[in-house]
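Next come two complexes, and both contain chain A; in the first it sits with chain B, in the second with chain C.
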Partner chain A sequence: MIESALFYIFLVLTLIFGLFVALFRSPLYSLLSLLGVISCLSVLFYFYGATFISFVQLIVYAGGILVLFLFVIMLLKLEPEEKSGEHPAFKVLAPILFFAFTSAGIGILFVQRTEIPKERFIMPISDFSFKLFTDYGLPFEAITLLLLASAVGAFILAKRKI
Partner chain B sequence: MILEGLILSIFLFGLGFITFLLRRNLILMFLGIELILNSANLAFVVFSAKNQNWEGALFVLFSIGIAAAEAAVGLAIFISAYRSFKTSYIDFFKILRF
Partner chain C sequence: MTFLSALIIVLLKIGIIIGTVLTSVALMTWVERRGSALIQDRLGPNRVGPFGLLQPVADGLKFLFKEEIIPLEADKFIYLLSPLLVFVPALAIFAVIPFGTTIKIFGYEIEPLISDLNFGILYVIALSGLSVYGIVLAGFSSGSKYPLIGALRSSAQLISYEIPMSLSILSVLIAADTFSLKGIVSSQSGTSFSVLPNWFIFSQFIGFFVFLITMFAETNRIPFDLPEAEAELVSGYHTEYGSMKFALFFLGEYAHMISASCLITILFLGGWNIPYINLTGNLGAILGIISFSVKVGFFLWLFVWVRWTLPRFRYDQLMALGWKFLLPLGLLNFIITIIIKWGII
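Then we have the complex of A and B:
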């Protein structure tokens, strides 16, 4: 009972932080709201039973990627975006697109409703890592190559002179 | 529990999408892309919890790796563009060379 209440509290908190990401004009406030979204999402992953993914989300996403964004924002002294100068068509078009997309998605969900398992199924980490290094070995190596290439590319791009 | 997670994933995708469309500050557009990636991660986890099969949750690891690569290259491009144009607004990025 209390677990289900906590689940819904974190669901609403994620939505509120997501709204803050879209509505804040200052990059720093928007980034901190994204940090809130990611922390709440990691709690939701825990409720769905994916414990390992929940910790990876906290450690890698919040601790690695968002801190990289924070460093860049603090290095460059960015000012908040001013209100004027936005193209007026986008201001009308974007909420229309948002509501059209969300209502279409939710409509599809309610049309294709299927049976839902009742009990919570917790992910066994040993099976998970076994599958990661046997069946999904090739994608894993591809991701490592991608990370290496992006590290070298970022270094070359951010350097003043090669 | 499954349905609510999917609805939240749809809403997060929409919010990220309008962040990407409405903002002209490059770093805010990157934050919108991160929000979209997170909504995809949530959908992966919800579907794997529904099917009782954790191969979907494996792809969240790959998705986080791709997000890290995207953030590194994107921020490097952003820093080099900021250095040559002295602004972060994409309206001023008219010539994409040094």
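Then we have the complex of A and C:
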């Protein structure tokens, strides 16, 4: 009872923070909202029994990647965006696209009707890692290659500028 | 156990643990000032109450009654938010720290920890990662140059030292075969070769060394207190903060120190275990909590002792120590642990 109430509260919070990410004009506030989205998502993962993912979400995204974003904002002194640069077509297109995507998302939610599981099943860490390195070994290695490629790419891009 | 009694017990535990932590924080500020006086052959604060023990209360009252000042250049919302972002994670770590074995009171079996999380150590790492935000945002939102430089230094330092810290924690996890803090403590009970206690400080000596140093860096204490180097930066990221907002930074730093000492005790000194004594029943539980407190108290004193003994590092020395010395050492320890654990050779 309490759990499902909490689940829905965090669900709504995630959506609100997500809206804030897009709506704030100051990049710093957008980043703080993104932090809120990530924290709420990690709570939602926890309710689904994906304990490991929920903590990794916090460690990797909140503790690592967002701090880098924060550094970029701090060091480049990004100012809040000006209104004037917008093309007039965007003023018509943006609301239409927004309502199309949100209604599609809500529609999918109603069709699928996912519910929080009654009994939370928490996979032991040993089973989890066994699956990760056997059944899902190939995708896992592919993702590491992808990350390596992006790291090398970033290095080359940065080098060319100097 | 009904739902209501379980709820009451959990709330009581939270109250007791937070109360204890905040009291020890107050006590630590007193120990710090009297300890520094002892080391420098002075008396220290001794006017308020017996031995000056009520000095923290007087300090707290002073902070509460100070004028609230918000700088003109500051971003008001973030400026007010960041002390909380420092204080809350520092306090939230205590939710998973186990203080002892089960106690029986009025027929209820009570464990002296709030939540026995399966992934307790991941929770600790996640929270210590989040504690960067408070400091960075404090420096950034103050709208002044010294806090900004302090915040940059501090975040670079915290991120660099988190890597060797995680490596030494990983080695302990491999040695203990569990992610739960309670499991890590119970895997250190008993003795090896019937002489040495089974604590990881002996089998993971390099890991202990690395972890201890990174803990000094993570709590921003001397010799790693560059973020608030008074001589260059006035007082770093909290230069523009006054009254209770500054007090929250202060409380957060000391709470962080206590949680760091608890973690060292749990990971490397066997938590509540006492060598050669098998703790059972209520007496054992009380002895266990006392042993835990003694170990934590020793590390807290070590923090004070080092602060008033060593000078501060230069910034490049700090980064070199982190990346060129602690990181390879942590990796080496990690590899050695794996080799010994699974007998690869």
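The definition used in the following text is that the second predicted complex is superposed on the first by the 142 of 162 C-alpha atoms of A that agree within 3 Å, B and C clash if a C-alpha of one lies under 4 Å from a C-alpha of the other, contacts with A are read in each partner's own complex, and residues count from 1 in each chain.
Basically, a residue touches a chain if its C-beta (ideal position, glycine included) is under 8 Å from a C-beta of that chain, and two chains touch if they have at least 3 such contacts.
What you see is a predicted model, and the numbers here were worked out from it, not measured in a lab.
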Self-check item: Combined model on chain A: chain C and chain B, fit or clash
Solution: fit
Exercise. Considering only touches as defined above, state whether A:A154 meets chain B (first), chain C (second), both or neither.
Key: first
Practice problem: Identify the partner contact of A:L13: answer first if only chain B is touched, second if only chain C is, both if each is, neither if none is. | Solution: neither
Quiz prompt | Touch count on chain A, higher of chain B and chain C | solution = B
Quiz prompt | chain B versus chain C as contact partner of A:M74, first or second or both or neither | solution = second
Exercise. Would you sort A:T51 into first (chain B), second (chain C), both or neither based on which partner it touches?
Key: second
Quiz item: After lining up the shared chain so the two structures overlap, which partner does A:G64 touch, if you call chain B first and chain C second: first, second, both or neither?
Solution: both
Quiz item: After lining up the shared chain so the two structures overlap, which partner does A:L32 touch, if you call chain B first and chain C second: first, second, both or neither?
Solution: second
Practice problem: Please work out whether A:P139 is in contact with chain B alone, chain C alone, both, or neither, and reply first, second, both or neither. | Solution: first
Quiz item: With both complexes placed on chain A, how many Å separate the closest C-alpha atoms of chain B and chain C?
Solution: 16
Quiz prompt | Contacts on chain A seen with chain B and repeated with chain C across the two complexes | solution = 52, 56, 64
Practice problem: Over in the complex, which chain A residues touch chain B? Could you list them? | Solution: 4, 7-8, 11, 14-15, 18-19, 21-22, 25, 27, 30-31, 34, 37-38, 41, 44-45, 47-50, 52-53, 56-57, 60-61, 64-65, 68-69, 72-73, 75-76, 78, 81, 85-86, 90-91, 93-95, 97-98, 101-102, 105-106, 109, 113-114, 116-117, 121, 123, 127-128, 131-132, 136, 139-140, 143, 146-147, 149-151, 153-155, 157-158, 160
Quiz item: Can you list the chain C residues touching chain A in their complex?
Solution: 75, 78, 118-119, 122-123, 125-126, 129-130, 132-133, 136-137, 140, 148, 151-152, 155, 159, 162, 179
Quiz item: So in the complex, which bits of chain A are touching chain C?
Solution: 28, 32, 35, 51-52, 55-56, 58-59, 62-64, 67, 70-71, 74, 122, 125
Quiz item: In their complex, what parts of chain B are in touch with chain A?
Solution: 1-8, 10-19, 21-25, 27-28, 30-32, 34-35, 38, 41-42, 45-46, 48-50, 52, 54-55, 57-58, 60-62, 64-73, 75-80, 82-83, 88-89, 91
